[in-house]
């Protein structure tokens, strides 16, 4: 008798926790899962995996699609472009998300562009340097120039911020400046966009490159960074949109075979003008007219 | 010496207050009842974190429900029922020491391959919770072991002299006496579980919808914070608010666990 | 109270639980081997220590700089956090008035549960710019050591606190009767009595320091090089995996799993060292 009492006492905190969690879950899901205007046909579940750049955008598109088609569930998982490629290939995911154009070795997959993005060079806003030629950028990133004085700035050592190997932003950047990734000599190597922006914002002598939409947003909203023109073209989403800005990339959804059923309907939805506002909200450039 | 020790304490408190102050300063403005009870919008820049709180609670629940019996059982076996120099005990101990050093990112990759793919759980709260359970296991076991070892052998001898079986002595004497150790283990484990990011992105996933079952994918709070802080421009405000909330939640949970451990210990000792 | 049979069953169940706990590490090791082995057989283990640098896209796979990075940052933070953590516990148990000790304990527990992302974020926006003003570029070995120290301090402090609270009160009374001062008591009575617990705490914090990923990734600069000063940026093995794994395919991915294996190897060595130390202590 004594034993059972002791057992139940040991279990109590646990039970309590689970009960609370379940209660919270049941009461909130009942308020949240109110069906919106329902349309016919669409039923089922889709799984998307891939690029962390694309994931937040597609997650929002999926939410809107789910709201319009209550029978559908779309799970968006983040993880990286190559994950999107391999999951789509192996059939682990119905659709992969890839933040670059497909490579020659990946042409067995089908790609559907849902938005565009550019890559912008950023400096700290207190840095007097207003523009850099392509050749100067190359010299900076290969450490042939190591002081801002040499390109018309203050007498201060340059902190070169680079992206980690394998990232599509790095590939795009290196391709445009015809740099071998091996030749780049960095002082700081970072992963995500915001990390680059915060690194540059915290260091008056740093130079980095990031997704243009993020940079534009942060520069407008009080972050201490500024965007550099490339080849005399202002870095802005507008210039990516009218295709004058030279460093841009497509954001793709990829499938193993020609999409069918729900897969097809969702890809068409993601490319349509019905989601233009969402694309803009995430600071990307819509492709739909 | 007294001076040195006080200054160490002040230093630690200072760093913590600096960090917390930063969180409060940036996060308090966003916190509201609506933030707790609504779903995220615009990739988390706007809206609240209700589904994420539920997912986090479920993941941590699964984690502790698996790890506590496993961990306490193993610790009891290692300390009370297996000879200190026995092969089996030593092997398990070594294996756990190795486990304690496995980086969280490796847990993530492993969890994804084993729980999500091999066991077919997919991206789910269950897979995430089980991965975390593997991760907090060594912490839990270590602390419980320390707690048990600290119980003087006199207790065991007295129990034997009273004719109590070893199992009975364990329930009425040793476990209550080891409670502070166990509580510390749970606190550290819980802290590590709630704070985990890398292991969860690959197992419980990124979906910020309200979960319907343990087999649904659900985004944990720390994954949400990471995404807002590192991946979403303009997400800092809500990232700070979420982090602040996490800190407050932890403080409450910690107080409850310590209280329970205290009460448990006190009430059990009186039984004797 | 309990028949012998039930005790046997009970021990059987415990044994089962222990086997499950013990097998997890093995499973992880097997999984890493499965991913890394084909590639290792193909190019040989030596390349990972002899190549010119780490450029997996151009087939260069030298892991040594990152191994050093992991060692430096771990040793640095453990050296810094251990005395601070133990002194914190001493403060709680023997110096602070009970009310303050209780508050202090709560704070440390809180520190233990703050996500590494938050530490990393704080490090990135507060600490790194400060270090950058002192000596550019900012992201550095030093930043990594400082952030990690704050993160692992609670582990050692809480474990030490629990072991101190288990030192039999008689010891303290004995010390008081001998007229020992407070610090003398702590040093010559409490510390030896709590030795096993302190060592366990140090082991746990070392494991955590080696395994920590996100915060280190955010503040260390991640340049693949052996840091030549405290202010030089560097990359750890964990950051290497976390930075690149989501974007790696084929051989690159396999090379990252080799990083994981090397990391596990490092931990096994560490565990072996600790084991030897403990063996020695059993006899004294």
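Chains here go by letter, A, B and C, matching the order in which they are written, and residues are numbered from 1 within each.
Note that in this section a residue touches a chain if its C-beta (ideal position, glycine included) is under 8 Å from a C-beta of that chain, and two chains touch if they have at least 3 such contacts.
As the structure is a computational prediction, the values presented were derived from the model and not from experiment.
Colleague: Just say which it is for the chain contacts: an open line, a closed ring, a star, complete, or other.
Modeller: complete
Colleague: State the pair of chains with the top count of C-beta pairs in contact.
Modeller: B-C
Colleague: Using the average of all C-alpha atoms in each chain as its centre, how far is it in Å between chain B and chain C?
Modeller: Their C-alpha centroids are separated by 16 Å.
Colleague: From the mean C-alpha coordinate of chain A to that of chain C, what's the distance rounded to whole Å?
Modeller: Using C-alpha averages as centres, the distance is 32 Å.
Colleague: Two or more other chains touching the same residue: where does that happen in chain B?
Modeller: Within chain B, the residues that touch at least two other chains are 229-230.
Colleague: Can you list every residue of chain C that touches 2 or more other chains, as numbers and ranges?
Modeller: Residues 218, 242, 245 of chain C touch two or more partner chains.
Colleague: Among all residues of chain A, which ones touch two or more of the remaining chains?
Modeller: 52, 79, 191, 195
Colleague: Report the residues of chain C in contact with chain A in the complex, numbered from low to high.
Modeller: Residues 53-58, 60, 124-125, 128-129, 132, 136-139, 217-218, 221-224, 233, 235, 242-249, 252-253 of chain C touch chain A in their complex.
Colleague: Which positions of chain B touch chain A when the two form their complex?
Modeller: Within the complex, chain B touches chain A at residues 37, 39, 42-44, 50-51, 53-54, 57-58, 61, 64-65, 68, 117, 123, 171-172, 201-202, 205-212, 217, 227, 229-235, 256-257, 260, 264, 268, 271.
Colleague: Help me check something: in the complex, which residues belonging to chain A touch chain C?
Modeller: Chain A residues touching chain C: 52, 79-83, 85-86, 156-157, 159, 164-168, 180-182, 186-191, 195, 198-199, 202-203, 205-206.
Colleague: Sort out for me which residues of chain B touch chain C in the complex.
Modeller: Of all residues in chain B, those touching chain C are 1-2, 4-6, 8-9, 11-13, 15-16, 18-20, 22-23, 69-71, 73-74, 76-78, 81, 84, 88, 91-92, 94-107, 109-110, 113-114, 134, 137-139, 141-143, 145-147, 149-152, 164-168, 180-181, 184, 187-188, 190-192, 194-198, 221-222, 225-226, 229-230, 239, 243, 246-247, 250-251, 254-255, 258.
Colleague: Please name which positions on chain A make contact with chain B in the complex.
Modeller: 2-3, 6, 9-10, 13-14, 17-18, 20-21, 24-25, 28-29, 32-33, 47, 52-53, 55-57, 59-60, 63, 66, 73, 75-79, 92, 191-195, 197, 213-214, 217-218, 221, 281-283
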